[in-house]
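Two complexes follow with chain A in common, the first pairing it with chain B and the second with chain C.
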Partner chain A sequence: MILARLLEMADYRGRIFLALLAALAVLVPIANLLVPPDSFLHIGTGTVVLLGKYLTYAILALALDLVWGYCGILSLGHGAFFALGGYAMGMYLMRQIGPRGVYGHPILPDFMVFLNFTELPVTWWGFDNFLYAMLMVVLAPGLLAFVFGWLAFRSRVTGVYLSIITQALTFALLLAFFRNDMGFGGNNGLTDFKDILGFNVQAQSTRVVLFLATLLTLAAAYIFARFMVTSSFGKVLIAIRDAESRVRFLGYRVEHYKLAVFVVSAVLAGIAGALYVPQVGIINPSEFSPTNSIEAVVWVAIGGRGTLVGAALGAFVVNVLKSFFTTGSLAAYWLFVLGGLFVLVTIALPKGILGALEKLAAKRGTRS
Partner chain B sequence: MQRSMAASVGMHQSLMKKASMAGFLAMLVLFAALLSIPARAQSYDAAIDRFLSDSFPDTEAGISALQAAGDARGVAVLDALLDRRLFVVAASRTVLVRDRAGQTNDARTGQTVAEAPAGAVMVRLNNRLRGLAQAALGAMTLLSPDPERRRLAAEAVFRSRDASALPAIDKTLETESVPRVRAALREARAAILLADAQAPMAERIAAAAFIGEIGDQDGIGLLRQTLTNAQGQLREAVEAAIKRAEFTQQLRRAGQTFWFGLSLGSVLLLAAIGLAITFGVMGVINMAHGEMVMIGAYVTFVVQDLIRANAPHLFDWSLPIALPLAFVITGLIGIVIERGIIRFLYGRPLETLLATFGVSLVLQQAVRTAFGPTNREVGAPSYMSGSFDFIGMQITYGRLWILVFTFAVFFLLLAVLKATALGLHMRAVTQNRRMAASMGIRTGFVDAMTFGLGSGIAGLAGVALSQIDNVSPNLGQSYIIDSFMVVVFGGVGNLWGTLVAAFTLGIANKVLEPFVGAVLGKILILVLLILFIQKRPRGLFALKGRAVEQ
Partner chain C sequence: MEKRTNALLYLDGVNVSFDGFKALRSLTLILAAGDMRAIIGPNGAGKTTMMDVITGKTKPDSGDVLFADGSVDLTRHDEAEIAELGIGRKFQKPTVFESHTLVDNILLALAGRRDPFSALFGTRARISPQRIREVLDKVRLADKAERLAGELSHGQKQWLEIAMLLAQNPKLLLVDEPVAGMTDAETETTAELLREINRDHTVVVVEHDMHFVRALDCRVTCLHEGSVLAEGTIDAVAANERVVEVYLGR
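And then the complex of A and B:
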C-alpha cells in the first residue's frame, strides 16, 4: 500500500527529478575521484563544492515553495531560518577547532579571545556534541518559526503584511548578529573551520561526502514535501492558498495548517543552511540580509511555484547564471540580469520555466 | 582652503567694524574707568621689563603685573607668550611681539620692527606659567571689543575661578549689553564667589543659587566641588542648587531627545509619504520606492555639480532648483514603471512586490554604473549649515528645515488629495474602481498619475535626505523597511496615520537609544511593531469598512 502511495505521488516530473539526482550522485563522485585530473571528463573539487552549494539552495527553494507555492504565504524572511541552521552548524564546527586556533585557547574560539570573553556563553554550551548541534539546527529555526507563525497566523496577518513583517524579522536578526556582544562572531561571523566529525573539511573526500549528503537530503526533502502536498493535509493547504476565507468558513482551523507548514518549511531551510556552511566554509550575518531571502523567492518564481521540482530547478538555474555573471568582466551586469528576471518572470512567465516548458511540450503534443 | 581663510579674514574685519561701531561708546566708558589709575602706562612698561630676564619667577611676576596693569596691549603680549611668539633682546632691552601674520612689533612702542634682530630669545614657559598666563588672558580679554571673545574670556574665568579677575568682571558687567556675554559674565562671577572661601556668606549662597538656576554641566561640577568643604547654610544652599540644576539638566536632556525624535520622525515621514500614496492609496507594493528617494538625492548631486561648474554664486539656490527637477524626473520614472510593469499586475500584490524589487535592483545598478559605487559629496547651502541654541538645546538648521519641509510636503499632498480633481478621482478609483470607470473616470490615467505623484514625492524626499545622509546607490535600501513599517503602523490608506506613526516611531527610537544602544533600540522597535501588528493587523488608524478581505 505504501508502495502504491509512493507511485501515485511521484508524478512524471518527480521521477525525472529523482532520476537526475541519482545520476548526479553516481557521476559526480566518479568524475571527481576516479577520472584522472587531466581527463576531459574530470570534475574539479571546486566544482563539486559549487554544485553542493547549489543543492543547498535547491533545498531552501523547496522549503519556500512549500509555503508560498502551496499555501500562499510569501515569506521574505526564509533566509533567516537558513542562516540560523547555518549558525548552529558553524558553532559546532567552531567548537571542533579546539586548541588549534590562532590564540590557542583550549575552549574559546578565536573571536571570543579577541573580544575578551572569559568563558563560553550559555548559547554555546553543548555545541561540541554533534547530535546536540544537529538538534539545534532543527530546533532554532523551528522554534522561531513556531513563535513567529503562531503570533502572525493567529491574528490573521496575511498577504503583503506578512511578507513585510517576515522581512522585518530577518532584518532585525541581521542587526542583532552584527553585534559583537551577541557572541556569534559579529561582523566576521564564524569561519576557519577544521574538522567535521573528525574529518578535515577541506579534504577532497570530505567534500564529496558532503555533496552526497546534500544530494540525499534534497531527494529526501523532495519526497517528504511531495508526500505532504499530495496528502489530504496538502489539499487543505492548496485550498487555503486559493480561498482562505472559504476554508475557514468550512470549519478548518486555517491558522493551524499554516503554522504547521511554516514550521516544517523553516526546519527544512535550517537543514539546508547547516549543509551550506561546511561546504562554503563561512557563515556571517550577511546571510540574514533581506536581499538574500528575496533572491530565494525569485528562484522559486523563475522555476515555477507550486511544483517543488521547479523551485529546485530555479535555484539551480539562477545560481549558475549568477556564478557566470559575477565572475569576470560581466559582474556589473548581474543585477540588471537579476532585476530583469524578476520583472520578466512575474509578467511573462507566471508559471516559471517549468510552466513554460510544459506548455511548449503540450503544444507540440497536440500538433503531432 | 585659501578661499575660506580669505573669507574668515573678511568676516573678522567686518565683525570688528561692527563691534567697534556698536560698542565704541561702551568701550570708551570702560577705558575711562581703567584710565583712572594714573600709573597705568608706567605699570605696563614695568610689567614688560619683567620679561627681559627670561627667568620663570620674573616671568610669573610679569604676567600678574600685566594683568594688574589692565592695559589692552597686554592681551597681545600674553597671547604671544602662550603661542611662543614673544622674544626678548637683552642687549637693547626690548621685548618683541610677533603677531599671527608674522609681523614683529615692539611691545612698548608698538612700532613695527623690520626684522627680528640677532640675539632675540624666545621667552620660555612651563605648565604653571602657562596656566597663569591663560587665566590672566581670560581676565584681560574681558576688555575685548569683540563680544564673542568677551564671552570666551568669561568662560575661561569660570573655569579658572581666579579671584583676581573679579574686579575686571564687575567692571565689564556694568557696561555689558550683549545678553549672551552678560549671562556668561554673571556665571563666571558666581563661580568666583562660590569658590572663594573669603567671600561673604550671603554672596556665596546667592552665587550657589544662581549657578543652580542656570543648571549646566560645568555648574554642577563646580557645585559638587564646593559641597566637599561647605558647612551649614552654604551646604544646604549648594545641595538645593545641585538638585535644581540636575532637574534642569534632565528637562533639557528630555527636550533634546524629543527634538532628535522629531527630527528622525520627520525623516521617516518624508521617506514614507510617497509610499503612503502608492501603497496606502493604490495598494501597490512598490519595493523600488527607496530607489526613487535615491534618485532624488542624485538629482541634487547633479544640480550642485552643474552649479559649481557654471554658476557658483547660485549655490544657495541648488536645493530649490533640485526640488522641482527631482519631482519631475522621479515622477516620470514612476509613470513609466506603472505603465510598463505594474499595470499588468493589479490584484496580484505578491507579484507586484517581486517585480518592483527587480526594478529596484536595476535602478540601483544603473546609478552605480553611471555614478560609481562610492558616496557622492552633496554640499549644504549656507542656510542648511550651522546650528543655534534654543533654551540650552543645540538645534541644527539642516534638521530644522527638513522638519519644516516635511510638513510642507505633507499638507500640500493632503490638499492635492482633498481639493483637486485629480485627488477626487484618485479617491474614487481607490474606493470603487468599476464604479469610478462607469462615471467616466479614466482609471488607467489616474493610476499612472497617482503612482507618478507618489514617486515624485519620494524624489522630493531624496533632495532633503541628501543633506543628512550619504548619497550612494544604497541610500534607498536603508529607508525601504522603515518606510513600510511607518505606513503599516499608521494604517494603510490614511495619511494622518502615517504622520502619527512616523513621529511615534522616531521619538520611541530616540527614547530607547540611550538605554539599550542604537542597534538594539532599532531591533526592539521592530519587535514591538511585529507584536503591534498582531494586535491591530490594519494599523493604528484602520479604514473602517465591511468588506471581507480578499
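And then the complex of A and C:
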C-alpha cells in the first residue's frame, strides 16, 4: 500500500529506473549463483563486486544531485562524506577481526599494535557493535555537514567560494587521516577485513547479499530523494537555485533549507561509502582526495543534472568506461577521456546523457 | 523606546555609508497606511540603498527605521523576518522562479508556514487553487497559469513578480523600477495595476520613467546624494529648480 503510493511518486523515467534495478536484483544473483561457471550467461563474483561498487557510486551521485542539481550548491567535497561513512564501516569490520590479526591481539587491530598503541582510542569505542557502527555511518557525515553547512550557509557563502571551501574541507580531512596518530590506520587505512555480521566478507554469497543491499539502498534513496524534490520542500530548493534572493524576500529562511538538504545529502553519501568499503575491501585516506569529489560532479554532469536518474546513470556509465580504460595499455589516457567527456557533454549535451536520450525519444515519438 | 508615530513606515535621520561613500545622508521618509509614493532621483541617489535598509538587507549606521505605527524596529530584523512582518519587495531585474510554473511561483509566495519541515510534509500543498487563480487574474496572467515562468516575456515576468508580492499579502509593497524595458502599452497597464493594488496596500515605487510616475498620480519624493531634495505633487517636484538642475539636467 505504502509502497504503491511511493512508486506513484516516480515519473516514467523513475519507473524505468526502478524496473532496471529490480531486473538486476533478480538476474545478477541467478547468473552468479545458479548458472554454472562454464556457461556464457554466468556472471563472475568479481563482476558482481564491480557492479556493487558502481551502485555505491550511483548513490553518491544521487546525493550530489540533490544539492547541486536541485539547490545549486556545487559541493566539491562530497567524497569526504562518502569516505567518513566508509571509515565508520571499516572500523566495525576491523573490530570484527578480533584476535585473528597477524599480531593476535585480542582487541587492538594490527596497525595499532604495530604503532605501539596500548589501548583502544576513544574514537574506536563501541565499533564492535554493528548498530552503533551504523549509527556512526549516519552521524559522522551528518554532523560534519551540519556544522560545516550551518557556518557556511549562515554566512551566505555561495557559488564558487562555497565550492572552494568544500574542496578545502575534504583536503583537510585527507591530510588528517594520513596521520598515524589519528588512529585510523594512517596512509594504509583499514583493510584485511574478515567478517561482516559473522559472515565471511570474501564469500560468494556475502558478496551477492552486499550487492543486493546496495541495490535496495539505491532504490530507497531514489524514492526518498524523489519524495523530497516533488514536495513543496523541493519546489523551494529549485526556487533557491533559480533566484535565491527572491526566496529570501518571500520570507523563507534559505539557510535552513540549504542546511537540511546538505545534511540529507551528506548522510546518503555516507551510507554509500559504508556499502562501498566491505565490497572493495579497503578504505584509506585517498578516498578523501579532492579529485574523487570532482569526479563525482563529472558523473552527475554527464548523466544529467537535476534528474536524479541521470546522476545514477552517469555514475554507472562513467565508471564502466573507467574500468575499461584503466586496465591495460589505455590506462595512461583515462584522465584525457574523462576530461574530454566532460567538455563534450557540456558543449553538446547540456542536459547530459539522460537529456539527450529523452530528446531522441521525443523526436521518434513525433515522427511516428 | 520606539518613537510614537502613526506612520506605517517611518524613516528618520538614516545614514548608510560604504567604505566612506555616503549612500544615505540623514534620509527621512514617512508613509501613512494606504499611501502610494513614487521615489525618483538620478543614479546613485540612494533609492535602492533605501529599499535595502527597509527590507533588512543593509543595516544603517544610524537613524530610525520603524514599521507599523513605530511598533517594529526594522533594523533589528533580517530579510525573512521583515517579509513575514508584511513588507514585500520587487527587484529591479525581474526575479521569478524560471523553472517553475506560474502556479508554483504563486504557491511559494502565498502566506503560510515557511519552515523546511512543513514544506516537506505538505501543509503548503493544501493551499487552494482558487486563491492562486485570483492572484494571477489580478495581474492578467491567468491564461498562462500552467506555463513555465521562464517562457514569459520580460514585462510578464515583472507582473508575475508583482503577483508574487500580492500573494504574500504584505502591508507595504516596495517596487523597484517596474517598467524598465516595458513597451508603452505594458507601462500603462502596470500603472493601472499598481493603482489597483494601492486600494488595499501601501505602495512605494522607485522609477525613472516620468510618464509612468505621472500615470501613478501620487506624491513624489526626489532623492539626491542620499537625502530628500524635494517632495510633493509631480508638477511641483518637476518645477523645483534644484530638481531640474540635478535630475532633469537642464
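The definition used in the following text is that the second predicted complex is superposed on the first by the 360 of 368 C-alpha atoms of A that agree within 3 Å, B and C clash if a C-alpha of one lies under 4 Å from a C-alpha of the other, contacts with A are read in each partner's own complex, and residues count from 1 in each chain.
To be clear about the criterion, a contact is a pair of C-beta atoms (placed from the backbone, for glycine too) under 8 Å apart; a residue touches a chain by one contact, two chains touch by 3 or more.
This structure is a prediction, so every number in the text was calculated from the model and none was measured.
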| item | value |
| --- | --- |
| When chain B and chain C are modelled together on chain A, clash or fit | fit |
| Touched partner set for A:Ile164, first chain B, second chain C, both or neither | first |
| Partner chain(s) touched by A:Asn116 [first = chain B, second = chain C, both, neither] | neither |
| Contacts of A:Arg179 with chain B and chain C, given as first, second, both or neither | first |
| Touched partner set for A:Ser245, first chain B, second chain C, both or neither | both |
| Which of chain B and chain C A:Thr366 touches, first, second, both or neither | neither |
| Contacts of A:Val236 with chain B and chain C, given as first, second, both or neither | second |
| Greater residue coverage of chain A in the superposed arrangement, chain B or chain C | B |
| Partner chain in contact with A:His256 - chain B first, chain C second, else both or neither | second |
| Angle at the Cα centre of chain A, taken between the Cα centres of chain B and chain C once the superposition is applied, in steps of 10 degrees | 90 |
| First, second, both or neither for A:Met228, with chain B first and chain C second | second |
| First, second, both or neither for A:Ser329, with chain B first and chain C second | neither |
| Distance in angstrom between the closest Cα atoms of chain C and chain B, superposition on A | 7 |
| Shared chain A contacts, counted only where both chain B and chain C touch the same residue | 245 |
| Chain A partner contacts - residues on chain C that touch it in the complex | 55, 79-81, 83-84, 88-89, 91, 95-100, 104, 107-109, 114-116, 119-122, 124-125, 161, 164, 168 |
| Residues on chain B engaged by chain A in the complex (per definition of touch) | 285, 341, 344-345, 348-355, 357-362, 364-366, 368-369, 481, 484-485, 488, 519-520, 522-523, 526-527, 529-531, 533-535, 537, 548-549 |
| Interface residues, chain A side, partner chain B - complex | 74, 148, 151-152, 154-161, 163-165, 167-169, 171-172, 175-176, 178-179, 245, 290, 294, 297-298, 301, 332-333, 335-336, 338-343, 345-347, 350 |
| Chain C contact footprint on chain A (complex, rising order) | 228, 231-233, 235-236, 238-239, 241-243, 245-254, 256-257, 260 |
